[in-house]
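Following this line, the structures themselves.
One chain, subunit A, links the two complexes that follow: it is found with subunit B in the first and with subunit C in the second.
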Partner chain A sequence: MPHHLFKCSECIPERKKHAVIKGEGEDLTSCLPLGYLNTIPGTISERGCAFCGAKHVIGTPMKDVIHLCHGPVGCTYDTWQTKRYLSDNDNFQFKYTFATDMKEKDIVFGAEKLLRQSIMEAFEAFPEIKRMSIYQTCASALIGDDINAVVKDIMAEMPEVDIFVCNSPGFAGPSQSGGHHVINIAWVNQKVGTYEPEIKSDYVINYVGEYNIQGDQEVMLDYFQRMGIQVLSTFTGNGSYDDLRGMHRAHLNVLECARSAEYICNELRVRYGTPRMDIDGFGFKPLSESLLKVGYFFGLEEKAQKVIDEEVARWKPELDWYARRLKGVKVCLWPGGSKLWHWANVIHEEMGVEVVSVYTKFGHQGDMEKGIARCGEGALAIDDPNELEGIEAIKKLKPDVIFTGVRPGEVAKKMRVQYLNAHAYHNGPYKGFEGWVRFARDIYNAVYSPIHQLSGLDISKDEISADKGFMTRQMISDVKIDTEEAALSEERPYTGDYDCVTKLRGKEYPLLEKSPSAN
Partner chain B sequence: MEDIKEYRMEQLVDHIMKWSLWQFNSRAWDRENQNEGILTKTAQILCNEPVLLETPADKYYWAEAMVLARDFKINFPWLSEMEKHEIKQLIKSLKERIDYLTITGSLNEELTAQRY
Partner chain C sequence: MRSLPPNVIKEVNQFMTFKLKKKERNSIINPIFTCQPAGAQYASIGMDECIGIVHGGQGCVMFVRLLFAQHFKDNFLLASSSLHEDSAVMGGMHRVEQAVDVLLMRYPEVKVVPIISTCSTEIIGDDIDGVARKLNNGLLKEKYAEREVHLIPIHTPSFKGSMIYGYDTAVKDFITYFAELGEPNGKINLITGWVNPGDVTALKHLLKEMDVDATVIFEIETFDSPLMPDGEAVSHGSTTIEDLKSTANAMGTIALNRYEGGQAARYLEKKFEVPAVIGPTPIGIRNTDTFLENVRRMTGKPIPQSLVRERGIAIDALTDLVHMFFADKKVAIYGNPDLVIGLAEFCLDLEMKPVLLMIGDENLEYLKDQRIKDLQEKVEDIDIIQNADFWVLENKIKNEEIELDLIMGHSKGRFISIDYDIPMLRVGFPVYDRAGYYRHPVMGYSGATWLAEEMANVLFTDMEYKKNKEWILNVW
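And now, the complex of A and B:
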């Protein structure tokens, strides 16, 4: 087993089994780190807690819901607005956050009265919203507040409202992934099957594990609707509470982020016989094949192919412009979970970049299997890295850019390595054909940013030339390409709009086909 | 000859590992069903044989198999020169290898968890 022990972690020898280097001839039977285990004492993990995984990742992207956190205000505040899950109802769930704001006296005397009061106040403040999710925290869980009992009373008093209880305190798992699991199962147990949705088509899907980061979901919905498919619900980005109660009526669960939402697909498959189909919304080839296989399932493959042909014709020349200039760029692919395998191979195949390392903060061994299978030889794979290991890896691998979250990203920037926000994106959406070009543009802008020319200079001692101006990005990037060949091609930089999502909201689609027997 | 067969089979394995996700469901029993359902139908499609489409699960396996077979034909033109029995033997070896990499030889300790 090609384990790797970081020098900085020699005092924590257990860390050795959490990192591997994929050597020549290595495969998954000889090269896989441990994963989804409690963080080893002494290592400062970058993980989130199970409350955060449930509320922040999965719960709060639901758009027409008051998301109330039963706990100290910090739990709510720190899980608010750090991920850009947009919605088409003026971002209600994004603009407001709600907390019972527990204090010491509530810990001593109990906080059920406070919870009840907070629920009533929230519904009074937003009378047009009739749906609520309540999230348990460590504080309220440890004192034993019975949220379910309070909710039962209120739903009896106010029959027009419906409330979901998510019992995932911070300690309910090794990482945020524990919270993903809890909220998946809680939703299917409490809410699926309690609402009958309107079925408008013979071709009905749930789009699962999709959080509408900067509009990802709306881009994908556009494709599905052009194919004549009814997207009954999205779990959960830009998703509606009642639509998600009707998930049992879909014919197919199309799963994007298996890390956070495979559980509900698995349960829907067992309980209702609905197949689970995993897809990749990132990259031209994976996305094309994803649309095609959804098309095959419903006999809509010709419509899928039409969408693919239109999109590829429009955007491929722009992807190629960036790919020509990104060839050989070294990348550390350090996201939270699923993007390590969504992106690992396709960014190499379609943009020419070299993935020198993958890591996951909260992924399981299954995520590493997918990621390592999709990486080339020599890649360093790390589970639950700490900050010092990240720094050591950067010094050793010397990447040009890192795709990661804000916290490790800021560390990378201080080391003069550019980073792109893999969770919330820089200038997303990144899904879809146009989105993939926007991602390529962001990588290009990061790698060839003129700031590199200045950031390494120390004005207190370095000589600063006053007679030379900045080199632009293209002056830097085009040094290594064949400019004559490039000029003869149809390649061009991105020509899309600053906002490529809002215009989709008023778009009209062909009437859906529905046979009389469709339920 | 055996070397060529092995080389070709490994090309198919590499393709699946790089571009597919269906082989990585989270439990061993689930991976067995996926590998069996999708690769059986892939062989039938490549051999122009009828494919059973009775249940939603059949339709799902078939949809995955259609995309895989299409990809195989585009990327590995030597498939079109093979006899049906050779294709079946090749996919049989492929399934054994995928089963080994994802199930029997897998280091993933969650594969045998009793619940999802």
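And now, the complex of A and C:
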């Protein structure tokens, strides 16, 4: 068995089954780590809680909604302004956050009255917003407040408002993943089918498991709409509450992040017979295949091909410029859940980087299965990593760059390893053809940073070359490429704008129309 | 759960001489503060050879660590007991026991382990004092007999107080645990409150000029850590067990922030007769003067010429700005109570008009705070609101109840500044949307200079951006 026991974890041998090194000729039957089990206390794991999985990851990207937490203020404060999910309504959902601010007397006597008051106060403060999502926390769950009952009463009194309740306290599961599941099922149970959406096309999809990080959703929407497809709803990035109540009317559920949102697709398939199609917005090849796949479903493959051709012609020379210079760069792919398999193979294929390790904070065995299958031999896969194991892995593998979160990224920084934010991105979006070039550009800018190079110099003992006033990234990166060949190619570095998303808003899509005969 | 001792409540009743406004709603729209455990965690990272265990859901640690990383752009160590569903139902004491064991096994340098409670574990009634006793008599004796380990239970139920009270409580609990009578150490205790590394540097500089030896609690200059060629540096506080032990033997304690360390200073005074001076927060010239005077009285050391000169440099910088640019500028300030009060006082000396002060929590102690009383009674058109949230500020701006020239506060309020086009100086905690602010002091003379010059630069940038008499800066 290729299980890997970290030195720092020898005293907790149960960790052995959570890490594997994919050996020569080995397949998944022999090298699949355990996953999604309770965390060992005190390990300094990277995991969050089920509340944040529900509220922070999936709930709050919904844009036209008052997001209210029923609990002490910390849960609200902590999940406010720590992500980059945009919306085209001036980011209402991340500018405003609401808490019932439960105090000691509420804990003792119950806080349902406070909850009712808070709901009223929130609607009063924002009279134009008629939709609300309420999130249970550890405290409100433990004292047994019946949020559903309060909401039922209020919705009866105020027919113009609609309120969603998510009962996913922080302790409900080993990680944020527990909350993903709860909110998926809660939405389909409570809200899907309660609203009839306007159908504008013969080709209607829900775009599911997409959170509009730095504009990802808006980029993908542009492609779909150029194909003549109506995106009825997005679950949930930049998504609208009422559109999501109308999910049952789509012809197809196009699923991006399966880890966080496959549950709702599966339920919609069972309840409404809507097929699920898994796609991938990252990377030229997976994205092209995904658009074609959606195209084939509707008979729109020619339109899909047209979009692909236009985009590839525009951006491929720029991707190739970076790929030529990123070849052999060693990467630890340490995201939260599904990016480990979304990215594992394609960054190797299209940018030439070597994935030396994958980890997942809240992924399940299924994510590891896909991730490990897409890694090369020798890759180290870790489930529920902790601080010391991460450090040990960095020392052992000596990666050039790590794709992970802010905090582990700071650990890497101190160890002189560059990091890119895998959750919120550096300068995204990273989805779409242009986005993929931006990702390559960000990796390149990190790895070949002149300052990064200087960080390794110990002026007390190393030789200081006094003949240089500066270095450019290219002076560092191009020593290992064939510059003559590169000069002959059409490759060029990124030429897009700093903000490539805002201009997509308000764009017209002439293809988007419904045939008179269609229902 | 502990509550305020009865004598404190009596004191409050006795001195309750004025009223303080609260926000009119019960709920919160955009909070200014987070909850108690975050404060205890901020205190914990200030201690050397210490990793705190937060007994609660994983988010209670993960997000607080993220908050620290947002502010300092560095990583800090804190562990979780990872409360899952079974423990929420059956009790989670065994999770703490396991967490302590795992932490001690894997971090051989750790000697101090605060066990920090949260809302969930206070509600289910997990007895963290009991678990500490059990571990002391069991695991630590059996498995770690050769090792110095201190378990410090810290009760921080999230539904009481705020991050401020959590910090205050943790400082008191650390000192209560360690302070130990011995030979007089000839030092003073300087309890800084929830400050930045830049403040500690500034304060230590003042004390050095005064030739005064101090135990700084917490010694967090090292939060600003380097990126070294060997890749081995980490960000962590450096207050030692010995430092805390010897607090009982100091010639006095100065707690700069009444609500962030005041409890600890009072404890040392009561238990070990270490005289305590609580406040004022040395923000601005006047409060820094008072601080130095307090140090002088406590130690008998004179204020040296070097500080007269340093003060002069600050006064010189302020004189260039005050009556020309600051006079009558209306400012709203929010954040930690001592910070807000200190900044408001400084603004008044700068001829500005603090029109709105917002404190994110509610505390009976505020009602016997002479500084707040003075501000309320002696300053015209000032609104002081406790238990405030950002909606109080935004609403007032939106409804044109106030006009502001400047906002001062932490980054969570950034969108008010952005959306209503009001210049804002980031100050306090957390500041994540400006680079390197933790490195700069707001305390001491250098802090006064930095604050005033940054205020000016923020106003200047705004004048240029709005083309509002930007030409005035051609010559001044």
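Odds and ends about this structure:
To be clear about the criterion, the second predicted complex is superposed on the first by the 499 of 519 C-alpha atoms of A that agree within 3 Å, B and C clash if a C-alpha of one lies under 4 Å from a C-alpha of the other, contacts with A are read in each partner's own complex, and residues count from 1 in each chain.
The criterion applied here is as follows: a contact is a pair of C-beta atoms (placed from the backbone, for glycine too) under 8 Å apart; a residue touches a chain by one contact, two chains touch by 3 or more.
Since we're looking at a predicted model, the values are computed, not measured.
Using the contact criterion defined above for the overlaid structures, shared-chain residue A:A373 touches subunit B, although it does not reach subunit C.
Once the two structures are overlaid, the count of subunit A residues touched is higher for C than for its counterpart among subunit B and subunit C.
Applying the stated contact rule after C-alpha superposition, one finds that A:V219 touches neither subunit B nor subunit C.
When both complexes are overlaid on chain A, the residue A:G71 reaches subunit C alone and has no touch with subunit B. Applying the stated contact rule after C-alpha superposition, one finds that A:G273 touches subunit B and leaves subunit C untouched. Residue contacts after overlaying the shared chain place A:I443 against neither subunit B nor subunit C.
Look at A:Y263: by the touch rule set out above, it reaches subunit B but stays clear of subunit C.
Of all residues in subunit C, those touching subunit A in their complex are 1, 25-31, 33-38, 51, 53, 56-60, 62-67, 69-70, 73-75, 77-85, 87-88, 95-96, 98-103, 105-107, 118-120, 123-124, 157-160, 162-163, 225, 227-235, 391, 395, 411-412, 414-415, 419. For subunit B in complex with subunit A, the touching residues are 17-19, 21-22, 24-26, 30, 55-57, 59-60, 62-64, 66-67, 70-71, 100-102, 105-110, 116.
Contacts from subunit A toward subunit B in the complex involve residues 27-30, 32, 34, 36, 251-252, 258, 262-263, 266-267, 273-280, 285-286, 289, 292-294, 296-297, 301, 341, 345, 349, 364-366, 369-370, 373-374.
Partner subunit C is touched in their complex by these residues of subunit A: 8-9, 11-12, 38-52, 68, 71-82, 95-104, 106-107, 114, 117-118, 121-122, 125, 137-139, 141-143, 169-175, 387-388, 406-408, 410-411, 413-417, 455-458, 462.
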